[in-house]
Structure formats: structure tokens, C-alpha cells
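Below, chain A partners chain B and then partners chain C, in two separate complexes.
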Partner chain A sequence: MDMLLAQHLLNWLVQGSILALVALGFSLLFGVLNVIHFSHGDVSIVGPFVALAVMQYLLVEILPHTWASALILAAAVAIFATGCLGVALDWLVIRRFRTAPAMMALVATVALGAVIRELIRMLYPQGSNPQPFPELMSAQFEIEGLSVPISTLFMFAVSVLMVAGLYVIMHRTPLGMRIRAVAQDRDIARLMGIHPNRIFAATFFIASAVGAIGGIFYASSAGLVRFDFGIQLGLIGFSAAVIGGLGSMHGAIIGSLVLAGIDTLAQATLADGAAYRLVFAFLLVILVLVLRPSGLFGKPVFEKV
Partner chain B sequence: MKHYEMSRRALLGITTLAAVAVAASFPAPAQNKPTIKLGFIGPVSGGNAQQGLGARNGFLLAVEQANARADYPYRVEAVTLDDASDPQTGVGAAMKLVNDPTVVSATGHWNSPVALATIPVFNRSEMPFIVWGAISPKITEQNLPVVTRVTPTLLAENQPLAEWTAKKLGLKKIAIVSDTSDYGTGNAKAFADFFADHGGTTVSTNLLPVGTTDFRAVLTKIKGTDAQAIYFGGVIAEAGILRKQQAELGLDMPMLGISGFYDPGFISIAGAAAEGAMVSYPASQSNPKIDKLYADYKARGFAEPTSPYTKYAFDAANILLAAIKEVGIKDKAALAKHIRAIKYDGVLGTTTFDANGQTKIPVKVEIKVVRDGKWVAKED
Partner chain C sequence: MHGVDITAGPMARRQTGGVVQSVAIVAGLEIGGAALLRTFLLSDATWVVVGLLAVFGAAFAALQIRPRLEEHIAVAFREMRLFALLLGCGIVLIYPFLMQGSSYALHLLITAQLYAVLALALNFQLGSANIPNFATAASYGIGAYSSALLAIHFGISVWLTLPVAAVVATVFGFALGFPAMRTRDTYLALVTIAFGIVIHQLLNNFTWTGGPNGLAGIPAPSILGHSFNSPIILLGFRLPSQANFYYLAAALVALSIVCARLLHHSRVGLAWNALRSDELAARCQGINVVWYKMLAFGVDAFLAAFAGSIYAFYVSYIAPDNFTFLVSVTIMTMVIVGGMDNTFGVIAGAFLLILLPEKLRIFDDYRLLFVGVVVILFLLLRPQGLFPQRPRNYGDH
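And then the complex of A and B:
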């Protein structure tokens, strides 16, 4: 295979899988709560910041640790902490809009995103400045001119595993069944003895923890992280979920791959493509919304009269 | 009880009076002088903060030294504001300065897009403004009467770099990556033009928005060309990301640029991949005045180290102070005119401005390279 084509494909796969981890959260939360959680991108970016903070603590306080194991430990703490943050945000803010019109929850989460961003900026030392973020693994190998960093393979593998794991949780465990039951009909689920609030908390934990993995991968693949990365990550992740169809898990994955594909394609083939990469991505969003308002895999919504 | 309280209050009153009396009796000529304010704007937060903080401290040092001089006719208060490298924030800061009637004049900006956004604001309210760090030619090409600039334009840095790349490095084909701001597009065009003058060709030009974190697609595209080096025309954070991803993709070729990413931040982001990156940068001068500036800076004990722009902001502040001393604060138009016509002998040498307000101090450029995680002068 052409070396350049292979390199582009690799770039596309990694970008798409990072995006999918964030888009999945949007889709999951929308499916279960009927809420567009617009601060999900910002929540996800809390992940790399917690990981950095923990890692610096580990390196300073509990020496000697090798760099790699410190990073893995720090990432684990960050993923758990971000999951808890999601639950806390639901409890503090979002749960107050359970019965309110969807628009109110949407506006509240937009505001919540701004609060999270500014809190990162305030609380993290030198929070306004970009923070260098280490690679997950530094080794790389080369096959016939195609250079493959191990970390890209790792990120791709973890993303696939996460998606598989989520699928198993949703379809093979009692928790997943309850989540799906609540998503289908909150009231009937309650009649069946399911506590919707516990299910919401579990959903928020899963979505935010998976988002944190996406955030950590995003930071690691860029090589740095900044307090406002959540805006773009959230916007693109949300768009990917919309393309795939909000509420559909495989839709979120396909949507992410499509969006990353357009982005890579525009940059690789068009003369001035790089400057307008986001234009093409968002044009696609508009196109999908016009032609298939419920996304590629979303179920059409019927308004009950 | 009541009596006790009264006496305590009386005691407090007496103490206060005494304190005021002591304060007043200090030989403080400063208090007889009218107070004026001088503004500084720069990126003191965000990815370019190192540049902005060093410049801000240079500005503060100049103001403090003026205040310490008995013969300076005003007590000067420094107003330092952040533009965070963001045009919108910059205009907000500029509005704050021009809306304060006690602010006489100001100096500002490291980022060209920010400067281009704020100079109309200063021009509208006729506030004399010196640019200390932004280097897009467009800033002085507009010839706004209140605007002058103490730094050379990006043309002055790109021309020698292009010549050096073609002649000394002997490269013929280059790929250009830059950001889509005025600064980035200005660099991309300037370098391509100068490189062509010396027989080089640009095989690929890629402009990406500021804030881009993924250069892999563009770098892969460059991998498919016969480029011998990458010229990057943007600033620190993106430069670091680009360099790191360049190494990741196994694109083993030099990375060149101008002062825009001559910063330790570039190295901390790119990590080991930073090695060998080269920039052209105005050669460090050594004269008694600049040595004194750095000694004073050290003695003052700022929390941040000097940045390459400390000296520019220091001279910009001193030019404003000198002009204010000469012309006074009443007539802003006369003040701006006086600055244009000034012949100021400072740390940068003798600054005079051309018909557009651009400094006429010639620049000698030297090549800096990253070696062992540090920027050093390139041994020819």
C-alpha cells in the first residue's frame, strides 16, 4: 500500500477513535436523560489536568517512580475522578432540570462548561498557559517509511476496547439493562423498581470517565493541554454524535470516523484545505441535519400529540 | 466601660494623626508632582506569557526609574493589562486605557493580530501608542499618526533567514506551515518571496488556524513532497506541537522560523524533538546601556526572567516618558508628533522613526538553534 495513504489512514483512525470516546458520552447521556450535556467536552478535559496534577505529585512526593507507571497511575486516578465529577455535576446542576424543557438544561450545561473552564484556569498553577502533556508511550517503529508510534496503536486499541466494554455493559449486564429501560421509559422503569436517579448517576459516571480517557488521549496526541481545549473537543464530539444520530452508540462511533475522515481528507487533498478544515466538518453536520435530521443511525423522533 | 472605649477611640485618632503627620513630613517631592498614568498591554497570560511578562517588567522598570528621578516632572503610575494574545481581549484592554482620562499614552502587544485590532482604537482617541513587540508590516504600513514601533518588522527577520537557508544551508525546496493570522500569512508570504529571490522554491504551503493541535495530516502531505525543510511562520505552542508531531511521523528535516517561537516554551512542548530547530533572531547587542538594563532588572528582583522583548518595552516606555517630559500631557497630537520626530538614545541604540513610524534602527540577525534543550547561537 502507498506509504502516504497508509499514514493518512493511521492519522484518521487515531483522530476518529479519540473523537469517538467523547462523542459516545454525548450520545449516551442524550439517550438516557434526553439532555444535551454541552459541558461534556470541558468535563473530559478535566481528565488530563487531574492526570498532570497527580503525576507531578507522584513524581515529586513518591519517588522513585518510572515515568510510564506514574502516567498510567495518574491516568487511572484522573479517569475515576472525572467520572465522579460527572456524577457531582449531575447532582448539583443537571438533575434540577429533569422535568424542565430541554432548552433549559442545554443552556445550564453551556454555562456549566464556562464555569469548569474558568475553574481549571483558576485552580491549576499557571492555568492560562498551555501545559505540556507527555506521550503515553514514547517508542515508535517504522515499516517501509510508515512511522507508527506505539502510543497511536495503544490509543486505537483502548478506544476499541472501551467501545466493546460499553457494548457489553449496555447489553449484557443488569446495569445496562436498567440504563436501557430508563432510556426507553423513565416512568415504567420506576414502576419496575428501578431508581432512575441511580441510573442517571451511573450513566454520568460512565460517560464522564470515558470522556476523560478521550481527553487524556487528545492531550497526549497534541502534546499539550490548555484550559479551553474543552470547547473545541466538545463541539466536534457533539457534532460527531449528531452526525451519527444522538442516542445511538454505534452512530457516535461512525459519526466520529466520518468527521475525522472529512477533516483528514480536506487537509490531505485540497490545496488550502488545512485552513478550512473545520468548515468542511461543519458543512457536513449541516448537510446531515438537512437530509437526515435524526442523524445517520438515530431513530426519528415522533412528537406525541 | 464607656469611658474606656472613648479613650481607645481617642488614642486611635491620635495615632492616625501622628501617622499622617509623619507621612507628610517625609521629603517626598513625588507628592508635589502631578500624577499621570502610562499603559502597557501584552500577553501576560496564555501560551506567549513569557514574552509578555518579560516585556511588562521592562516597562515597569522604566516607569520606576522615572519615578526615582527627582527631575522627572510627573509621578507616573503604570497600568499593565493583559491581552492574552487575543484580539478581543486586547481591544477591551485598549478601551480601558483610552477611556481613562489620566492615561497619557501606552505601549503594547506581542501578537500582530492583537496590535492590528487595537491601533484603530488608540488612533480614534488620539492616544500616542508605541508597539513594542508585534512585527507584522501592516501595523506601520497604515501610517496611523499616533502609532510608532520600536521593533523591526517580520521582513527584517525573514529576509536574512531565507538568504541563509538558500546559501549557507544550500536548500532548494521548502514546505511552509503557518497560522492563518496576519502574522502567519505575512511570514508565509515574506519567506516564500525572499526564498524565491535566492533561487529556492516553495513546494507546499499550509495555513492552519491558531490553536490547531493536530498537524499530522499536513505533515503527512509534506512527507509526500520533496521538501528539504519546513518553515514555520507561527508562534510558540503550535510550533512545539508541529515539531513534536514532525518527529513522530519520522519527517527527518530541519524546522526553520523567525523570532515567533524563539522561546523556552517551544522546547518544553516539543521535548526532545525540539533539537535542531532553527530561528533567525535580532542579534543580541552589547552596550553599556543594555548591560545596565539587565543588571537593574536583576537587582529589582522580578519573579520572571527577562524575555527578548524586555529591552523593546523598556525603550518604548522611555521614549514615551521622554516625549511626555518634553511636550507635556495637554496636547496629545503634539505628543504623537514629537515621538515621530524623536531621536532617542536608549538600550536599542539611537531610535528614530521613518515617515510611517517604523524604527530605523537596522537589524543584524543571527541564527539560534536548539542544542541540548536550550536555545543557543548557531556556530555558523
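And then the complex of A and C:
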């Protein structure tokens, strides 16, 4: 019984950590900069594909038999490349909708997500099929008969670190101050010598890179990755960010843990819980939004007349 | 395409071009549009499809460059309203006879018409009141499943299941509208997304909805002893059995257009437009914001359920995957591409987004990519949609 409980707890931590990394990006873009970017889930899932491609190249061409270092190098390249992809998407498409009505940006970025998925499917060899993804680290240690994979602790540590890091960036560094300034008033920020477009680029880079980490974790914990995983990852990540309160960094991780908790609870306690996991997760989303429209940790918005 | 006049109100500046000219413009556009659509539907050659798209694009480029053209057309349609309407109805009625008995072309037309109804339903919310709703596919599904279940398990006449399904979906629509009242914009969008996913997952999991396999063997309707599965034979012409559903769907489109126009010109439509412009100001004017928002959800679900029922009876097999989040996104794209709050535009958007991917099956692998790119380019280059909404005008009718 205790073993089972512990397994569920570990599972919960992994899921929550992965979600938090995707939710952070949503929270930064939607919450802080007020950019509507519904393709963030698809951008995040580009990460594992780049990592896979780079790793295969490394293993074949340059560093055979060095699995671990190839993986680390590939992940680093993938995170950087995905960050750049985010900047490129902002530059090509998303920034053109900055002053458009919210619905336009919403539909445009949903279409953008479809374009990203299709590009992955066509550019990656046999992209329509699921691609096996290696485990990040296979080692595990034992506590009182319970085997704990190191990767679980690693993922949780990384996501907590990212939340803390983003909090520090947002509130303690000049970059964070600029981001908040641009979010508050773009024109005044420009008068103060801030280039809004550079700030947007920086934020997109951070959000997409963090999302790529989430995507890589997602792929490695599932053991495989497919071109259309981004839809669900994006929807659940966005939900987690909204539950926590858009714009709040610690809200993102708590929202993710709450959503992952519901998911794990449903799977653990109900006979066919796995089938109903999305139902419970999204019912929770509706419930939270009805009871607390700006999320658990969001600041309520008052309308100025 | 279909005989709907695009006049939503006279222009401020009146131009009269003479009766003959107006008749020529109206007849030319309607017959020309129908002919283009027919060629598009019946051609298999890629270059024909691409050529027609180029014609279409050139027409819109002309409108974009010379807005006066659009005004002329609008004036002509307004002056010849009755003629435009009758000619349009005539074209819709004889259209199946021009399809050379191609059941594939009729199938495409039926699908496009059903989606036109869905897009019109969503238009009440997105276009008129600017309420994002990603749950239209859920209402569509609820309608389809309700009438299918009633017809399969209780043997209730198809015609009776239509209103019942609509009422069921409307109840769900109000149920969705109720929690939605506390949230706005992106948050409201998420509530509707969540609702749509919950409905899809429930349809996928319940045993009495057939689970992921869906429901099969939905009986075809019949009218005056004529089953909808048998071909229509009229004056020596033999139309494939799809023609039955073509006329049924056309009737539903007509009903939706009538609803849309009545609502647009009523106090309700005005209240929705007021909500869209400024919710706070609308509230200060004594408009019951909550009620009108709920009403928008209800009307959307009501019409979508009709489309769902007819879809279920037409294909006689439904599965949860016909009613996913991506279907809702497609419907929303139709409204935005066609032109928000413009009845004709929304229908044109639905036809375009259904027919285009079908005809691009030749490119198969690049189809979705192409549609995605086109949608993005569209929103960038003509953000007001194909047919922009027209300002309301009171007075000189």
C-alpha cells in the first residue's frame, strides 16, 4: 500500500514538474506581456525532436558510444534552438497581431500550431509515427525498499529552479524590470529607452526555451514523442497556468501540481480513472475559473472607466 | 455562392445605377458565382482548382484595391433585393441537377452547408457579441448524439428528434453560459475549451454512447413515404440519394439565415452589438449583460444541434472524434475568415474552408500545412474577413 502510494507520489511530481515548465511560458507570455500564443505547446514539443535529431547525428558522426554526453549536448542544442524558434515565430507572425483583436491572435496562433505540427511531421524522417525517446538518466536509488528514479528528482529540481530563476529574473534584474515596463505601457517604455521588440524577443526566447525543457522531459518520461503531442501539452499547460493565475510564477507550478494531482488521484482511485483523467482535469479548470476568475494566485483585474 | 443578399443596411451615400445595371450586377454575380462553384466542385484537374482560386483571389484583390466596387455591388443587391433572393433560391433549388449526378460533389455541398449553419450559430456569439466560444463542436455533438440515441433506442421519428435534440443542446448551452458569466476574454475562451474537451471525453468514455467506436446504424429519415436513402426521380432526372439531404441542409441554412437576420435587426442583436463595443457602457445603458450573454450561448447551441442531428442522419454513423476541439477551431476560423457579423461572409467562409482542403487532397501531405498558412496570411492581409461587417443604418430604407 505504502509502496503504491509512494509510486503515485513520484508520478505526481514528474507530471507536475513537466506541466510547470510549459505553464511558465504561458504565464510569462499571456500573463506578463499579454501576448496570446496558443502554439506554445507545439513549440515546446519541437524541443524533443531537435534533441533526437542532434543526438542521432552526434552518435553516428562524431561521438559514438558516448550516450550520456551526446544526450546532454543534444538537449542543450534543442533548448537553444527552440528558444530561437520562439523568437522567429514572434518576429514572423505573432508580433503582427499585437494590436489586433484578441480573437484574431487566438485563431492565428492556433493555425500556427497546426503549421508547426505539420512541419515536424514532414521534416522529421517518418514523422507521422511516434519516435522513441531515451530516458534522461536510468539510475535510481533505494529508500526503504522503494526505488526512486533519479530523473524524477532531477525534473522536479529543474522545474523548481526554473520557477525560482524566472521569479528572480522578473523581479530582481534589469531585464525583468524592462519586461514589466513594456507589459505596463509599451509607449512609455519606449520613451524610457527600452526597445519593446527586443523585450518581446527576450521573453519569447525564455518562454520557448523553458517550454523545450518541459517538452524534453515529457518525451523522456513517456518514452516516445509524436508530432501532435503539442496540442494536449499546450492545453493542459495553459490550464495549469490559468489555474495558478496567469502572470504568477509560483502560481504556474502550484497550478501544475494541482492539475497533476487530480490526474494522479483519478488514476489511483478510480477503476477506469485513466479514461476520465481529462474530464476531471478540465472540470477542475471550469470550477476554479468560476470560483476564482483570475486563478488561485492571480491578481484580480479591475476595469478602468 | 448561395443566394443571400449581402446588404445589412444601406450605405450612407446613396448611389443609384439604374435598374438594368443593378439586375445585371446581381444576376452576373450570382450566376457567375454558382458557375465557378460548379466548376470547382466537378473538376479533378489540379490546374483548374488552382486557376479558380487565382480568380477568386484576384476578385478580392480588386475589392481590396477599389472599395468603390464593393459599394456598387452592395447598392445593386439592396435595390434588387427581391430579385436577388428569388434568383438565389432558384439557383439553390436547381443546383443538384447541374452536378451531373456526382454524389461526391453533393456530399461536399452538404458538409459545407452544415458547417455554414455551425458558423452562423457561432457568429451570434463571436461576431455579434464578441464572446469567444470553443464549444460549438460540443453543441454540435450533443445534438448529433441526442437525436441518434433517440432514433436508435426509442425509434422516435427523425423529425421529432430534431427539436428534442435542439432543446437538449440549448440546456447544455445555457449550462455552459452560466459559469462563463464570471469570466472574460482568454479566461472565458478557456472555460469553453474545457467544456468542449469534457463533452468529447465523456462521449468517448460512456458505454451508452458507444465509446470511441461511436454510434452506427442511425436510421435515415423519410418524408411522405419517400426514404432519404432512395434517389430522387423528377421529370426524368435522377438525382443521387444525397440530394435529399442537400435540400434538407439547404432548408436549414435558409432557416439559420432568417434567424440571423431577425435577431440582427431585433433588440437582441442590437444588445449583442452593444456588448461587443463596450460591455461596461452597455451595462450602464440598462442592458442585462448576463442574460444576453447566456442567450448567445443558448442560440448557438440551438442551431448547432440542428446541424448535428442532420449530420447524424446523413452519415448514419457518428463518433466522438467528429466533435473535437479542432472542429471548434475550424468553425471559428470560418467566422473570422468570412467576416464577423456578416451573414453572407460567414457562409462563404464555411464553403471556402470545407471545399478548399477537400480539393487539395491532391497535395495530400501538404494539405493541413497549406490551410494553416492560408489562414495566417488571411488574418494578416485582410483581417476584417472576406466580407466585412456593414455598419447599421437606420432611416432611409
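Here, the second predicted complex is superposed on the first by the 300 of 305 C-alpha atoms of A that agree within 3 Å, B and C clash if a C-alpha of one lies under 4 Å from a C-alpha of the other, contacts with A are read in each partner's own complex, and residues count from 1 in each chain.
The criterion applied here is as follows: contacts are C-beta pairs under 8 Å (C-beta built on N, C-alpha and C of every residue); 3 or more make two chains touch, one makes a residue touch a chain.
As the structure is a computational prediction, the values presented were derived from the model and not from experiment.
Superposition model on chain A: chain B and chain C are shown accommodated side by side without a clash.
By the touch criterion defined above, A:S248 reaches neither chain B nor chain C. In the superposition on chain A, contact is made by A:V279 with chain C only, not with chain B. Of the two partner chains placed around the shared chain by superposition, neither chain B nor chain C is touched by A:T203. In the superposed model, A:S17 lies in contact with neither chain B nor chain C. Between chain B and chain C, it is C that contacts the larger number of residues in chain A. Of the two partner chains, neither chain B nor chain C is touched by A:S44. When the two structures are aligned on the shared chain, A:S220 is found in touch with neither chain B nor chain C. This overlay, made by fitting chain A, leaves chain B and chain C with a least C-alpha separation of 5 Å.
Once the two complexes are overlaid on chain A, the chain A residues touched by chain B in the first and by chain C in the second are 272, 275, 278. Chain C contributes residues 126, 130, 132, 179, 182-187, 189-191, 193-195, 197-198, 201-202, 204-205, 280, 325-326, 329, 332-333, 336, 365-366, 368-369, 371-373, 375-376, 379-380, 383 to its touches with chain A in the complex. On the chain A side of its complex with chain B, the touching residues are 4, 7-8, 11, 15, 126, 128-130, 132, 140, 142, 145, 147, 149, 218, 221-224, 226, 229, 232, 263-264, 267-268, 272, 274-275, 277-278. Chain A meets chain C in the complex at residues 30, 36, 93, 96-97, 100-104, 106-108, 110-112, 114-115, 117-119, 122, 231, 235, 238-239, 242, 246, 272, 275-276, 278-279, 282-283, 285-286, 289-290, 293-294, 303, 305.
Listed in rising order, the residues of chain B touching chain A in the complex are 45-47, 49, 84, 180, 206-209, 211, 213-214, 216-218, 220-221, 223-224, 237, 240-241, 244-245, 248-250, 265, 268-271.
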